[in-house]
């Protein structure tokens, strides 16, 4: 996620790496960033759901609708 | 839901398989993923509604408006 | 609402049949699905409003703005 | 509001007739449907505002922004 | 605001006349309708803010973002 | 902010003058209107934040995302 | 962030400088502005999260979805 000019380049640099996806409803999904699109629809593999930093459950692969996402950062 | 480059490819790989659709209002629909479009409008067959993991009612086929959806994951 | 590839095909198969339209504000409208468009603007005939499954009032024909809709399923 | 294939046809059939416009904030406007557009921006003539079915005030002509509207039905 | 076929025609007929603009947050602005566009972005001149019908303050000219607007009606 | 036909003309007339920008979350920013675009994304110079009319802090230059804005008026 | 005609020019002038990004949910991210796009999707480097001005945690690089952003200003 360095040396890029557009926000999506930064996401691209994080592909196949573990990221934290924070949702607007305060949930967090941590997993390997598999894919995303211009709406920030995002697919994570080997994902788990956390609430306040605590593991809630493992969800495997998960498709997250972009408009529900607040931010994405490397774990 | 593996080996894909775009988020919708992941949904496509889940077609005809059982998925969990979580809505922004905290309801869950579990059913066979019949179809979806770019807005993530989604149709499930043999679906049931759950709240906090508990079966609330069977709904058969259901069309869910995409903007109500938080995430979709394999059951 | 079977054997279709796109979500709107499923709605099309339900045309002229009785459906339940659930709104984001928890109201339900049950009626004959007369028409819909790509925004999921929906017209029901012989419709009635229910709240928590209980009949509230008969509304005859009703045009529902698509963005207010959570889901549509056959009655 | 019968024999139409698209939702806006149903609104068109209600033109110049008295309709109830329910807003997402629970207010109701009853008046003669003067005009509408694809955003469901709507103009009523001889309109009155009701809250819980009770007359609150007469507003004459009123332009209602489409995204505030929940549904429109004949009075 | 009579004899028009599209909602924006009705607004056009109200240009340079005093109108009430009600916002989704329950505030009201009353002033001379100077201009509007297809998003219903609206400019009032000689405007004042009211809350529950009571004068709160004079604001002179005011640009209101269209998506904040619930309805517009002649004073 | 006079003698204009479109809402953005009114904003243009206020360029380089001090304006009050009210946000949907009830905060106010007062500053010199530097620039705006069709989304009403707005940049103020020499800006300060107020809450209920009281100075909260000076923010210098600030870019405000258009969809957060309720209204803009000359100070 | 001076001498520019469009809001995005102001963001461009802040590139590689430290900025405060305030979100609609009241969180703040402070970091070096790496990139942004027309949706105001924004990437910060060397970022930290603050709540009410107090350091909550360091997040390194962070991609923030534009529609979650209230404003951006130089630190």
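Going by the order they are written in, the chains are A, B, C, D, E, F and G; count residues from 1 in each one.
FYI, contacts are C-beta pairs under 8 Å (C-beta built on N, C-alpha and C of every residue); 3 or more make two chains touch, one makes a residue touch a chain.
Everything quoted here is computed from the prediction, not taken from an experiment.
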Neighbouring chains common to chain D and chain E, by label:
none
In whole angstrom, how far does the Cα centroid of chain B sit from the Cα centroid of chain C?
19
Length of the line joining the C-alpha centres of chain B and chain E, rounded to whole Å:
42
Residue ranges of chain E touching at least 2 other chains are 67
Please trace the ring of touching chains beginning with chain F, moving first to chain G, and write out the chain order.
F, G, A, B, C, D, E
Within the complex, chain A is touched by chain G residues 23, 25, 29, 34-37, 41-43, 45, 47, 59-65, 67-68
Contacts from chain B onto chain A in the complex sit at residues 1-2, 4-11, 24, 40, 66-67, 69-74
